[in-house]
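Have a look at this one.
Letters A, B, C and D mark the chains as written, and numbering starts fresh at 1 in each.
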Amino acid sequence: MEDVQGSVDTRQIPINRVGIKDIQHPITVLGKDGRRSASIATFSMSVSLPHDQKGTHMSRFIQMLNETETEISAKNFNKMLSSMVERLEAESGYIEMQFPYFIEKTAPVSGVKSLMDYQVNLVGQIEQGHIDATLEVTIPVKSLCPCSKKISEYGAHNQRSHITVGINCSSKLWLDELIKSVEAQASAELFAILKRPDEKYITERAYNNPKFVEDVVRDVADVFDQNDRILRYYVHAENFESIHNHSAFAVVEHDKSV
Amino acid sequence: MEDVQGSVDTRQIPINRVGIKDIQHPITVLGKDGRRSASIATFSMSVSLPHDQKGTHMSRFIQMLNETETEISAKNFNKMLSSMVERLEAESGYIEMQFPYFIEKTAPVSGVKSLMDYQVNLVGQIEQGHIDATLEVTIPVKSLCPCSKKISEYGAHNQRSHITVGINCSSKLWLDELIKSVEAQASAELFAILKRPDEKYITERAYNNPKFVEDVVRDVADVFDQNDRILRYYVHAENFESIHNHSAFAVVEHDKSV
Amino acid sequence: MEDVQGSVDTRQIPINRVGIKDIQHPITVLGKDGRRSASIATFSMSVSLPHDQKGTHMSRFIQMLNETETEISAKNFNKMLSSMVERLEAESGYIEMQFPYFIEKTAPVSGVKSLMDYQVNLVGQIEQGHIDATLEVTIPVKSLCPCSKKISEYGAHNQRSHITVGINCSSKLWLDELIKSVEAQASAELFAILKRPDEKYITERAYNNPKFVEDVVRDVADVFDQNDRILRYYVHAENFESIHNHSAFAVVEHDKSV
Amino acid sequence: MEDVQGSVDTRQIPINRVGIKDIQHPITVLGKDGRRSASIATFSMSVSLPHDQKGTHMSRFIQMLNETETEISAKNFNKMLSSMVERLEAESGYIEMQFPYFIEKTAPVSGVKSLMDYQVNLVGQIEQGHIDATLEVTIPVKSLCPCSKKISEYGAHNQRSHITVGINCSSKLWLDELIKSVEAQASAELFAILKRPDEKYITERAYNNPKFVEDVVRDVADVFDQNDRILRYYVHAENFESIHNHSAFAVVEHDKSV
């Protein structure tokens, strides 16, 4: 049966990336304490294609997912990148995998435990054997407006916010640690279960700790600047404003090597 | 050229609805004061199909959209339903059209004007000549938690909420009136532009006016119960909780004829 | 600390449903052969609230999720409904849980194995002790247009389609069986990995098996009509038309008890 | 009333971008022939913030939208960028506006006219007075698989595809021209209304014109390479595969100045 993809192309146009996307696959995430948790990831996998090759072999990407147990850790992710370019006989490759990650959190006063979900996105690229990977996480928190607090006789508008951070590290940084360090910079952190004493605590903590979206990105950036394992990062914060029908957002990017 | 759709079907299975969906088309919305505003609607249009007919003629739905100027008003919507079943030679028909609608609002203290957007959904059904139409609108507002206020020494958690109402009326009820009557039941309403004195006003008003998601649906239901033009309604409120990563919601439905 | 939610309400308006939504939680799905697979569900849980009660206790819904292992099976789902209304002291309750479900499929010629994902939605309601549950699944397939085939000298337009079925059963019907019976009614079924001989097989099978969106819903309805365990169903098919930028869809609903 | 945003910040961290997003606003789009068409855009507007300034003045972004008629053309977009950084007293600024755009198309055989919708995204950046703008459009088309055609005795799988192009030009390139030149590179273009002779034409044209996702990006790249007004571009094509439940995609990027 003819291999149309394998035939020669004469248009002289190399392709930066070709592959598959929006495929869901079950995965296992390896946590700090050796804990393994199940999740479901949405994958995008692609490779470069030289100018003289008509097409790539799409089914090989999916075979990779179906042959491995796909346990996700920094080490395995790098292996996936290497084996993908080898298998597809490509110079460069790119993998993105997004999945929900759960952490058991303890309510601040009652001590009640509940799971909180975070959206994780691993983005990696391999080019001539060199790997560059970014760990991105979206962390939902509470923000309380300093202006509203200052000018009002009582109360202050507050809302759910998303802090999305992307980091590039020299050595391993566990998801749980990263998330904890970011949540500490919000007006208050979120929990799935809060009993009344917890709700009082969170309400008062947020009121005592007002932050603009600008403050949030600066405070997270400050923490990341002081962490030597982080070589490069971006911090994006978005407030789903409770006095408007639109969002306020801010971004800080920093590459320490520059 | 053979008309496959028009051939006879022998499976003895009538089809409740068949048609098209997810098609965008520009429309004109007719407002209370004769004001015409442009919008873009996403349409779903379908008809019933008797058991002995193989297929419907899909292109006729789109032709209806492309032949008319599609000025939206209660009267025109009913006409669309009638002419659709006539054109498709069907016993019953169904149209759903969703579009953003803008109202110019005036900030409460500074008087600054700005546009606020609302998502409208017109849902209509015609069966043996009888038309039944529901006007649905999603109205973004602010809610402030009564429990959080009561138990905390200062502050109270608040957040953006969506109140979605669906009404069936005996006589015309303008969108602007409907939206205004619903916004008045929230802890506070939203604006695209708020100057500092406005922000103070909204912050304090919300603090003085705490409402659970249950309070919001009850207060809107109360207003609708007293409006004789409304024959049937539902009220759905969703709080994008600022202390959790999930929503709280409540629903009240009432058919006054029952 | 005052229990605001527990106080008395005087507005005389009962609430049909109040609860939480859009919360993600890991689950275990029990399959036919005793196989347990991990997934992540998005939950909506709510109860009725009598007119004289101000609010429900939202944290109890989440506590239910965090206390149980949440192994999903028909039996466990019914238990969740019962224990929810008991715990919330409510007359009626409602749970909806959506999650991806994976089936290992074997390519038709090469025999290569790969996972295929389906979106499942369990919807259940309990009212005065009586439970009514619907199992809904969305099954992606291929449809090929009979009209395009008939009138063209070669080729025929075809596209990805979603068949969404909702069934109410007298006795257990396994997801794998249900999905298989629906896939058989499409022009062809989908696979994550197809080798060239498989691709030839699927292409030719679809061409030999043209179906309008009307044919698909009728053929699935026919299968469900002949299955005595199914008491009530709906079939919704949507073709993401490859010659248009909109969808064609059709719906058949049948309650055998009527 | 205190201006909290205007106070001094001591953290020594400049902010790359701060502003608003996800706000909808009606716009007028200026077409080639002077035709004005109404649309609704979703805006993101942001500016840089120096390290010593605590916050930006968010309401000014929205005031810009509410004060102007916001007629969209290349010239006006550049003016918006300039006036934004002036108004916000910022060194650099960024605007993104996404909106649907409609073109009246004529069916290839019957000549029936209908509207087709395209998603447009204008992305612009101003830095120390220098403006850099990208016009991005997503163009839905049909793709037909060359491999499936070659190996099968009859038929070939085909599907809806999205070609998303982003271009940076030296002089004006009208949306209608750009879209037309891209549609010509697909296996076939799409229409909202096709009569049977049109459907036959499109079906056969696609079958005579098979293209992998790799072919589509190369053929569009080839057209752009030959257009001297285009200085820089990217082409992204995504096939919603009709034999799989995932997409195939390819990307070519080219900066002619490099």
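Here, contacts are C-beta pairs under 8 Å (C-beta built on N, C-alpha and C of every residue); 3 or more make two chains touch, one makes a residue touch a chain.
By chain, UniProt protein names: A, B, C, D = GTP cyclohydrolase FolE2.
Quick caveat, the model's predicted, so the values are computed rather than measured.
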Chain centres computed over CA atoms; the one at greatest distance from chain D is chain C
Chain pair, A-D or B-D, that carries the greater number of C-beta contacts:
A-D
Whole-angstrom distance, CA centroid of chain A to CA centroid of chain B, is 35
Centre-of-Cα separation between chain D and chain A, whole angstrom:
26
Can you compute the centre-to-centre distance for chain B and chain D, using the mean CA position of each chain? Integer Å is fine.
29
Return the residues of chain A touching two or more other chains; collapse runs of consecutive numbers into ranges.
1, 23, 62, 117, 147, 151, 192, 194, 196, 200, 245-246
Can you tell me which positions in chain D touch chain B when the two form their complex?
1, 3, 23-26, 37-40, 59, 62-63, 65-66, 100, 102, 112-115, 117, 192-197, 200
Within the complex, which stretch of chain C touches chain B?
1-2, 4-5, 9, 11, 13-23, 44, 46, 49, 54-56, 58, 62, 146-147, 150-151, 212-215, 217-219, 221-222, 225, 238, 245-253
Touching residues of chain D toward chain C in the complex: what are they?
116-117, 140, 142, 144-145, 147-148, 151-160, 188, 190-192, 194, 196, 199-200, 202-204, 206-207, 240-246
